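Note that subunit A is present in both complexes that follow, paired respectively with subunit B and with subunit C.
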Partner chain A sequence: MRSLRVYAVLYLLFLYAPIVLLPIFAFNDSAVISFPLSGATTQWFTGLADEREMTGALRTSILIALISASFATVLGIFAAMAGTRSDFPAKRPILGLIMLPLVLPEVIVATSLLIVIVQVFGLDPGAWSIIVAHVLICTPFSVAILNSAFQNLDPALEEAALDLGESRRGAFRRVTLPLIVPGIVSSFLIAFTISLDEFIIAFFMSGNTTTLPVYIYGLTRFPGKMPLVMALGTLLVAASIILLIAAEAMRRRGLRRAGLKDTGGFL
Partner chain B sequence: MSDEARRGLFLVSPPFLYAILLLAVPVVTIILYSFWTDGYLEVVPDLTLENYTESLTDPLIRQLLVRSVGVAMAVTAATVLLAFPIAYYISFHVRPERKSLWLFLITIPFWTSYLIRVALWKVILGYNGVANSVLDLLGFSQEPVLFFGAVVGQVFEPVTWFNLSIPAIVITLSHAYAPFAILPIFVALEKIDRSLGEASRDLGDGPLMTFWRVTLPLAVPGVVAAVLIVFIPTIGDYVTPAVVGGDKNPMIANFVYISFLKLDNYPQGAALAMLSMLAVTLIALVFLWLNRRWLRVGR
Partner chain C sequence: MTLIQLAGVHKHYGDFHALKGIDLDIRQGEFFSLLGPSGCGKTTLLRVIAGFEGVSEGSVSIDGRDMRGVGANHRPTNMVFQSYAIFPHLSVGENVGFGLRRDPRPREDKAKAVDEALEMVGLSGYGKRAAHALSGGQRQRVALARALILKPKVLLLDEPLSALDKKIREQMQVELIKLQREVGITFILVTHDQEEALVMSDRIAVMFEGEIGQMDDPETLYRRPNSRRVAGFIGMMNFLPATIGQKVSQMKSRPAPPPGPDNRGLLQRLKDIGRVVPPAPKALPEYETGIEVKVAGLGRCIVPPEQIPDRVGQGETIVGIRPETLSILFEGETTQRNIAEAVVDEVVYYGDMTYYDVRVAGVEKPLTISMKNLIGRPVLDVGVRTRVAWDERSLVILGS
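Up next is the complex of A and B:
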């Protein structure tokens, strides 16, 4: 299947084209982003340091993402444990509701929460409401990742701990938890990345809070600021590739610990 | 109630209560709001279809809805059609130990900032952008080419190929959602029992017929999942129409934002948001129905 292989390579080129262009223009010595290149410079990176608002937005985003990812992962552990370990009444509709944000356009999540916050409770939206919404949309991803972590776990291990006299809580803490740590870490990293990158909710609920994507959106409105966007993008891509490799390494370690063979990628 | 059931309910209650309070309650509220009207100072809580009839009769909003659904469909079609051969290649022609590397390669662009990727496509496809400068360097003049406008007729204004417009929106979104289409199709293809293909060959079908009569029908669930996964977020996308579309081709989410935060007309915005959800539900139902029919015929 020669032609298929050629197509696959072309397709990867299409996928990577923007990301390959990113560092090229981040180091290009011209305010207009086009070929031919005019020379190398690091001025756009040093220019970033002067963007006061950016460091603030970055800090806000990281804080929101840390809190959202923590809550989503904790909720995810509860849901995944319930879903994989026990049968209970109305299991499917309950888990279905928890997974629902996966099939809901984000604009619905954003607007429906906004109505409740502003119109029903008369509160001002801000970082807290962005966190509330991000937990909601990150939880399904955490559940999916942790589901497979729990499924890969032999329930006999926990039963053995119970037989040997551990309490249920002790068995969870000393047997189950250490074995699902890799799942927890990759759930946290993926929820963190989703929250960090989320735009629509953060934009609708921003109030006085500017997250990084909202800030970047503001930059894209001014053609003169485009090189700054390229520099910032280069840094973000580098950071997220490092995070991703860490997440993938954790996942593989988890599989090895559970004594399984690697069968696929994420999700 | 058994011990196990009680423990399960206890465990599931934190995420369940969270979803009830912060998802179910708000969604019911927005549905109610979409049937109320905006008074001068506060919202009038009388049930009425006014927001919907107004949205569907206003030519501007109607154009917006048609554009959103049209763009989402075009993006979905392009993404899924382009993704299928890749998923097929990885599943059937890549050695098992290298499959996760391929999947990893495909998911990397998806984890890099969406805003940055959209900004890059603006830079690539824009008026003074990379695509035009490359064409310039190669010696092509920039003749405006009728591309999308010619096909769809009056709904869209005639647009030029490398300009900031509908095709640029479609390209940007197809790029953004590529992994979402590849992964479910890949999973469906991986589940196919390879001996079925061999059986079909043994019984005299060529590779093409084997693909058409065995592989493709068995991959339908993956394709249906891919269609839904791509269609749902695209119809509610805000960034791409605003950044790449250059404000001239807004979609539903852009107008919902205006209703909510600029016009302060919550009921109108709620009705528009509901219309986008309605479109999603309709498409989902049609595809799930197709899926079941196809599978029944397959048997």
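Up next is the complex of A and C:
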């Protein structure tokens, strides 16, 4: 028992110690990343605002994440509806293929997409190609979340709405949609988070477009900027945690609304 | 008046033949039940009537109108779902008023209609409550109110009581019957519970494997099932091999009843004093005409010809006999009925009733007998020899 406890503590340290270091050095007033700490400051955070390139990269990243998350969620709704409501030939293989990018190495996705875009179509990669690739890798997450939202929905609810005189569209709008809104929001937030800090694809496809992770990677070559990276990292971790908590809260709220038991989720 | 007419309805799902030629006439104001084991097609049939499923062949008409191409939202039917399908994001009142959106009446009238519907199902004042906080019985009432507020021609109920516990279920059965009489709407109930169907229905269609096995009122269905399948599904039934023989005429084995009480009036009796009253004519031996049936383990009897269905001829057959029509003859009891020797094989005590399984000579399966536990009647032990009284009138001749 004792050794198990030690193991658990070491495991958590291994997982989270590097992340804990981020805020520690972000508030340290020395430009050198090393112990002992010299004093507390918030100058790195205020300094971030002056980094024109950085704010540009942040804006690009947020825009790409918004668009990718929207597409992924819409595609996720279609796939989840098809998967839970209708039956068609080769349904399982098709749904399996949709989920495949979840386990496909991103390097492979990035390389092959780049080859297709540059070699086959002769196009220049840019923000649009990053969006295409991010939709590809975010959709499986959206499908997974929305699948559970649709599966938790009693199909009799939509039939009841039809039976009470609503049209198909009316039944979707008055019954199905309100009940899956939490799932939609949750899917959107997760996809947004994934796209926001995705690096490999954004790096391969960047062209003239620099996303935030790519920019941060570039910064690591300048030791003087390290505290800035730490400050930025701290903000990103905080934002990610807030988004994930919001997504999970929405998912649970959806279950409660539908009067169902929680059967696990991402958190 | 026929309200719903189904003619030659078939339904295929790929290779699966779910409905195999259903012909059905349901009358206006009738409480009609579709009864059968799971997978017999009863729910499919209900969904065909509701318009959730199309037919592969045949026709459905409601109130004289062909329903081909008419969707569920345009049919004069409303449904109470097995899961009740209460909209969890709406309040009780919003659930009940859901179908009134296209109703042209002003808002206050609709609100009043919702209140009335809630009152009808005994949920006055529940309008503001959240739907997901209701109990099973309350959900069902909301589902009923939500359907009945639209004044449908037909209310379809898909196993509406199966999710409730026994006490509430029995209470709801009575309430549903009352409600149906009150509103006068045709109810079609799908159930796998034969007792529920018998208690509630005017008529029952018993379904097996996509076909209707028998369609009759509850009493006929119970007393005169037309096949072994139906007999075995409705209530408990003992099955015995039997042989149907010739038409015979014989002296009644039972003695004629004793003469009735002297019912001459007092005045007449006084007048008769001293007179020579001619003796009552001696009763002539009575003859009975019928068909000889030999039942394995029970013995021989004569049954009236009308008790044997036309489709059953002479020779081997199966007869059914209900447990409550058999009785154990306890010490000192006599009977004018037929008697067979038996040995008690199993005793199940239910408080008000005792169920005995008894063995009779020449029959492999024990016979089940249900006896009321009247005062002074003992409960027999396993292995005790006893006599079983039976009556040829309770034989159900089923054919082979």
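Everything that follows uses one rule, which is that the second predicted complex is superposed on the first by the 255 of 267 C-alpha atoms of A that agree within 3 Å, B and C clash if a C-alpha of one lies under 4 Å from a C-alpha of the other, contacts with A are read in each partner's own complex, and residues count from 1 in each chain.
We take it that a contact is a pair of C-beta atoms (placed from the backbone, for glycine too) under 8 Å apart; a residue touches a chain by one contact, two chains touch by 3 or more.
In this text the structure is predicted, and so the values were computed from the model without any measurement.
Applying the stated contact rule after C-alpha superposition, one finds that A:Asn152 touches neither subunit B nor subunit C. In the superposed model, A:Thr60 lies in contact with neither subunit B nor subunit C. Of the two partner chains placed by superposition, only subunit C is touched by A:Pro178; subunit B is not. Set side by side, subunit B and subunit C differ in how many residues of subunit A they touch, and the one touching more is B.
When the two complexes are overlaid on their common chain A, residue A:Asn28 makes contact with neither subunit B nor subunit C.
In the superposition on chain A, A:Ser167 contacts subunit C only, with no contact to subunit B.
If you check the complex, the residues on subunit C that touch subunit A are 50, 52, 71-74, 77-79, 81-83, 85, 87-89, 98-99, 101-102, 132, 146-147, 150.
Across the complex, subunit A meets subunit B through its residues 1, 4-5, 7-8, 11-12, 14-19, 21-22, 25, 32-36, 74-76, 78-79, 81-83, 85-89, 91, 94-95, 97-98, 100-101, 103-109, 111-116, 118-120, 132-133, 135-136, 139, 143, 193, 197, 199-200, 203-204, 213, 216-217, 219-220, 226, 229-230, 232-233, 236-237, 240-241, 243-244, 248, 262-267.
Per the touch definition, subunit B reaches subunit A in the complex via residues 1, 4-9, 11-16, 18-20, 22-27, 29-30, 33, 43, 82, 85-86, 88-90, 92-93, 99-100, 103-109, 111-124, 128-130, 132-134, 137, 175, 178, 183, 187, 190, 228, 232-233, 235-236, 238-239, 242-243, 252-253, 256-257, 260-261, 266, 269-270, 273, 276-277, 280, 284.
Contact residues of subunit A toward subunit C in the complex are 154, 156-157, 159-167, 170, 174-175, 178-179, 257-259.
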